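Step one of this worksheet: look at the structure below.
Naming follows writing order (A, B, C and D), and every chain is counted from residue 1.
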Amino acid sequence: MKTNEKKYSTVHYQQYLALDELLDAQHLRSEKLQKEPAHDEMLFIIVHQSYELWFKQVIHELESVMEMFNQNNVDERSIGVSVARCNRVGEIFKLLIEHIRIMETMTPLDFLDFRNLLFPASGFQSFQFRKIENMLGLKEDQRMTYGNHHYAAFFSEEEQKELDRIVKEGSLFDLVEDWLERTPFLQFRNFRFLSSYRESVERMIAKETEAIESSDYLSVKEKEMRLKMLGNTDTYFQSVLDPEAHAERLASGQLKLSYKATLAALMINLYNEEPILQLPYRFLIALVDIDELLTTWRYRHAQMVLRMLGKKVGTGGSSGHNYLRETAIRHHIFGDLHNISTLLIPRSELPVLPEAVRKELGYFYTVAKETES
Amino acid sequence: MKTNEKKYSTVHYQQYLALDELLDAQHLRSEKLQKEPAHDEMLFIIVHQSYELWFKQVIHELESVMEMFNQNNVDERSIGVSVARCNRVGEIFKLLIEHIRIMETMTPLDFLDFRNLLFPASGFQSFQFRKIENMLGLKEDQRMTYGNHHYAAFFSEEEQKELDRIVKEGSLFDLVEDWLERTPFLQFRNFRFLSSYRESVERMIAKETEAIESSDYLSVKEKEMRLKMLGNTDTYFQSVLDPEAHAERLASGQLKLSYKATLAALMINLYNEEPILQLPYRFLIALVDIDELLTTWRYRHAQMVLRMLGKKVGTGGSSGHNYLRETAIRHHIFGDLHNISTLLIPRSELPVLPEAVRKELGYFYTVAKETES
Amino acid sequence: MKTNEKKYSTVHYQQYLALDELLDAQHLRSEKLQKEPAHDEMLFIIVHQSYELWFKQVIHELESVMEMFNQNNVDERSIGVSVARCNRVGEIFKLLIEHIRIMETMTPLDFLDFRNLLFPASGFQSFQFRKIENMLGLKEDQRMTYGNHHYAAFFSEEEQKELDRIVKEGSLFDLVEDWLERTPFLQFRNFRFLSSYRESVERMIAKETEAIESSDYLSVKEKEMRLKMLGNTDTYFQSVLDPEAHAERLASGQLKLSYKATLAALMINLYNEEPILQLPYRFLIALVDIDELLTTWRYRHAQMVLRMLGKKVGTGGSSGHNYLRETAIRHHIFGDLHNISTLLIPRSELPVLPEAVRKELGYFYTVAKETES
Amino acid sequence: MKTNEKKYSTVHYQQYLALDELLDAQHLRSEKLQKEPAHDEMLFIIVHQSYELWFKQVIHELESVMEMFNQNNVDERSIGVSVARCNRVGEIFKLLIEHIRIMETMTPLDFLDFRNLLFPASGFQSFQFRKIENMLGLKEDQRMTYGNHHYAAFFSEEEQKELDRIVKEGSLFDLVEDWLERTPFLQFRNFRFLSSYRESVERMIAKETEAIESSDYLSVKEKEMRLKMLGNTDTYFQSVLDPEAHAERLASGQLKLSYKATLAALMINLYNEEPILQLPYRFLIALVDIDELLTTWRYRHAQMVLRMLGKKVGTGGSSGHNYLRETAIRHHIFGDLHNISTLLIPRSELPVLPEAVRKELGYFYTVAKETES
């Protein structure tokens, strides 16, 4: 056979998708162990198999994004591709969330028809899911134990090594942090981002304070409340303006993102409409989206477990509902990117970019002009 | 080992879900045949594998419903179970529709990276999908050819036999038709549904006609339009009141549901709030939902193909978009149940059920009273 | 004009929907108070107006359901109608949850363009939303304060009275509790539900304990875990079997649903496939669905606030994110219906209904036979 | 009062959202004209009012995008903003599609309780919807008549003028066409897009033809089919390579997008990963998304009408189902952008961009380097 012609070998849908294997992989324990199979065990299996198929896809996407960011100079074309792939991961999580509606068509009584047979299998044994958490950057010290077990206790030695490797080699969180730290815009020609921003913040807070205090509109109580709001805001601003305060909060685990990366993320947020920053901004948003969708999935999962089991203990030996609900609250990975919002100031107060800088952050018009000549 | 104790054999998530097989079933042709794999072929495979997993679940549900209806006296408990399972099928189709959004994250250019390698594989070769169509009751004469091929031409002899068997043994459509024909309510004590309904319809149309003609409000043109609307309505009513007209429309293929089953479905719709009819009504609605969702999935599929390929010919050798769009319009299976709506009349015009009949169509209060004594 | 002919007065889409008023009700404060309007304030207004329109619809549905349940003998036809209307409320909440995705298309920076102008308006001032909470049955002692304010502090005297009235006259929770308490099935002919259920539970637990202890399969540790699971289950069972334990938990606020209503709900769950119980069961499920969707909406709302504001204080003067997140966890209204699942036992262990009872809980076949004669 | 302090005037949720007007705008005709109101008329009104609120938002977004494109040099920052706003319009249409599920909770019988009272009001009288169609660029000659009426016949003179004005001043379609025509990249330094593309296409087709013909793998029939596929493809390529063929198809109405704009859109698609083209590409995609979602809404609307009315004639005097179904097929506005997919060739066959051109289409790395010095 001519090597370069292999591509004309034909293929049938059935073989291409390995349907013989795929559709023969549903083994109902109730069929094997009981007099009659439990009708809804099929649904239970299919839902979880579908989850795992999609986890494989999520890993495929994250791996490719991590590869693109795992170098000193992230190719400019990679940002757009990464945005698209992270958005796809987001769409996949939306689909996973919808799976729960289908699972909820199973009644608690239907579940009891086979639940006893599953012990001690549990979703906590999903290797791919743990891998996704580690790839995204969930830190060991954020993790909750489940039934007093370390999260990795359920896995083979080889799998544990793989989970460790990811942590060691660096998660997407780590890679994004590195990339942000390398952002060239913080000091750009004659523009110093931090000092300009600091002045704006101070001016804004002074102006607001004066306006509130002198207002004829607001009641004393309202003035108090607004000044308190302003005070809280001020505290947050101080912490980002002061590298030492930041370092303390990093050390105590309140923050995870480095000072320099935080500044870069802040600048990208504040000037997100500048052409050169549009895609980096969309990339940061895509990460926040993934975080939000993943925690929503955890939350919905917790609700579903409550509905199925009430306060019964899960097959894995712990209260599934409480565990899941806690992870829905605690397991934010890109929380520091969410919190950038605390530091934003209105466009009207934003330091104006020097003309030379703005020009360089743009490109379209310039190029157009050049080619016209 | 004690036989009755087998259920305490333990099981791990990974084995239970056959993850080794499942997650090793993605074979990228671009990896095998090209210098480098096409990143998005993984997505293409996963989406289709997920479809097939869910098709298996749909078949599992439909089979169980068909078994319950495949007997002379459908157990009264089965109606409720059937409603729940058909609603689940509906939820599954909603999920399948959402898959298309994920597929659409693939750009047409990404698709071209591996499209050539798939020839002549095509979704038209999905055996499970054809099986679902036949189980629901898609008739041979409704089917469109695809690239001049009979729909079954793509399958093995064994598969073709299975597809034929379903047609011969009777689809869900057939079973529902039989069940409707056996409905005992059409002639109930001293209540004759058809004649009562006929009188109501005639009285209603006469009253409306008189009111329109004598109205001071309507313009001549508006009167004309309303009388025309009424006339059209009248024609439909006649066709259901007249068994011969119905027979003709059956023969010509305009209708598929028998006269008697149509009357029963009509009665269930008109008196759907009577306790005994509430679940039968929900069952009919669930079938209409499935029909609607399945055609929506076809429609969205057609859109997605258009976006990917424009007017290119599909790997199966025909214009995928046009084929799919046509099936989205033509392949209604329970269209005659949709059309029951044409025959409905306002509650205010409905023949009043004799007290004795109403009592028997209810049950709750009666039972409650008995037990109080 | 003839009175009985008024219905032929014609109407135009625009007047019918009061579009002149509706589409003239968007008053951007940024347009009035700033040099130039903030583009995204329109979105902010439309989203909240859409919420309020749908709240009106939810109130309309809940009022009608409450009216049907506010009588000693709930008409048997009302159950089906109530299921349909509660399901509709569920669909509406699904739509409200989707609103948040649209709100999230607004960037935090876009929000800052007008956020300052909104003080102190806040979603906590939505009268209709508080009304819905009270109608469903959120108890005063479950409520969190917001910025140290009683939830009703934001409303006019008249509105406060209305909120109180609902609490006094009885919420949907109260009405459902009453209705459950009146259920006639708990003692039915020679069948005593509670004692039969108690025997089954005890037999099941004994059998399980014996099987676990004598198992050759399980390790010592696994035995321990399974016995612990069983022990926990046992505790829950005891609490429902013992009216005094139930009374204590009611008094301490751990439970809200009365002993008798809990038993009735349990029986409806256990025998939900009996024809006469199918719709009551669906009604209970519909309430659980509403609860779940409402808390999901709260959760998603909390996420959205986090994304917009980070840790900034909300216009209402308190941390919106934390408040909302807490309500998403604490404000379960029908939690005791969720927890019925704790008390379920497998169908295989269920007390068999005496034939005479089963017949009476069914009806279809019987009626069919009668009419054939 | 100090003018510059007005912003501290306070505002209450209720006034801000004009809730008094908004929640008093639901006037049930069944309440006015019948003995008792029809419960579901409220839902009917709320759904349509919600549609109209969202239409207002869609118009707000489209107006802003059109303004940004209505100038000779579209500011480079505007592209990103336009993508975001068009994506928002897409999200809104997704929400509108979900409204139909809620409408479908109304049974046909419920609808009949008030349907007669609505004559001749009809969704075809929605001015805002027609405005959206015209703003997007639906052409007069694409429109179907409804009940023999011109689409604008239902509106006031003033409204008709407004609809005409949009057509005359140029739709979004027109503005995008202009913008594409001005794209500077088609002739860029020493790179001539059209001739490079032509050569690639010809080389690709020749290579494919040779490979198919000499294949040992394919059967005669399969060869025939693949050559036919190739032939069809060839025809499409010819039509875009030949300005005269394009002009003919424009004249006959088969195409709407000019030759030059088509070439620009093709180039943006083919090189969509080049940094400078990423956002223009996303903008084109966003338009295709809107088109797809709008037709899906039409399709779902058609289904819902079928379910409600069967083959009854709509209150507007014509078969709503058929009309809507046809518009779901015919009313593609950006169909020519969909069809760009027909003209794409695999990346492996793509003309390589000269290094100088690629550099100029990128920017990130370059800038980064400059600032390091």
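Structure notes:
Heads up, the rule we're going with is that contacts are C-beta pairs under 8 Å (C-beta built on N, C-alpha and C of every residue); 3 or more make two chains touch, one makes a residue touch a chain.
Keep in mind that this is a model prediction, so the values were computed, not measured.
Farthest from subunit B in terms of Cα centroid separation is A. Compared on C-beta pairs in contact, C-D and B-C come out with C-D as the pair having more.
Between the CA-based centres of subunit C and subunit D the separation comes to 38 Å, rounded to the whole angstrom. Centroids built from CA atoms put subunit C at 30 Å from subunit B.
In subunit A, the positions touching at least two other chains are 8-10, 107, 116, 119-120, 222.
Partner subunit C is touched in their complex by these residues of subunit B: 1-2, 4-5, 8-10, 73, 75-77, 79-81, 184-185, 187-189, 211-212, 214-218, 222, 273-276, 278-279, 360, 362-365, 367-368, 370-372. If you check the complex, the residues on subunit C that touch subunit D are 6-14, 16-19, 21-27, 29, 32-34, 39, 42-43, 45-46, 48-50, 52-54, 56-57, 60, 64, 84, 87-88, 91-92, 94-95, 98-99, 101-102, 105, 107, 116-123, 125-128, 154.
Those residues of subunit A lying in contact with subunit C across their complex are 107-109, 112-113, 116, 119-120, 147, 222, 225-226, 228-229, 232-233, 236, 269-270, 272, 288, 292, 295-296, 299-300, 303, 306-313, 317, 325, 328-329, 338-348.
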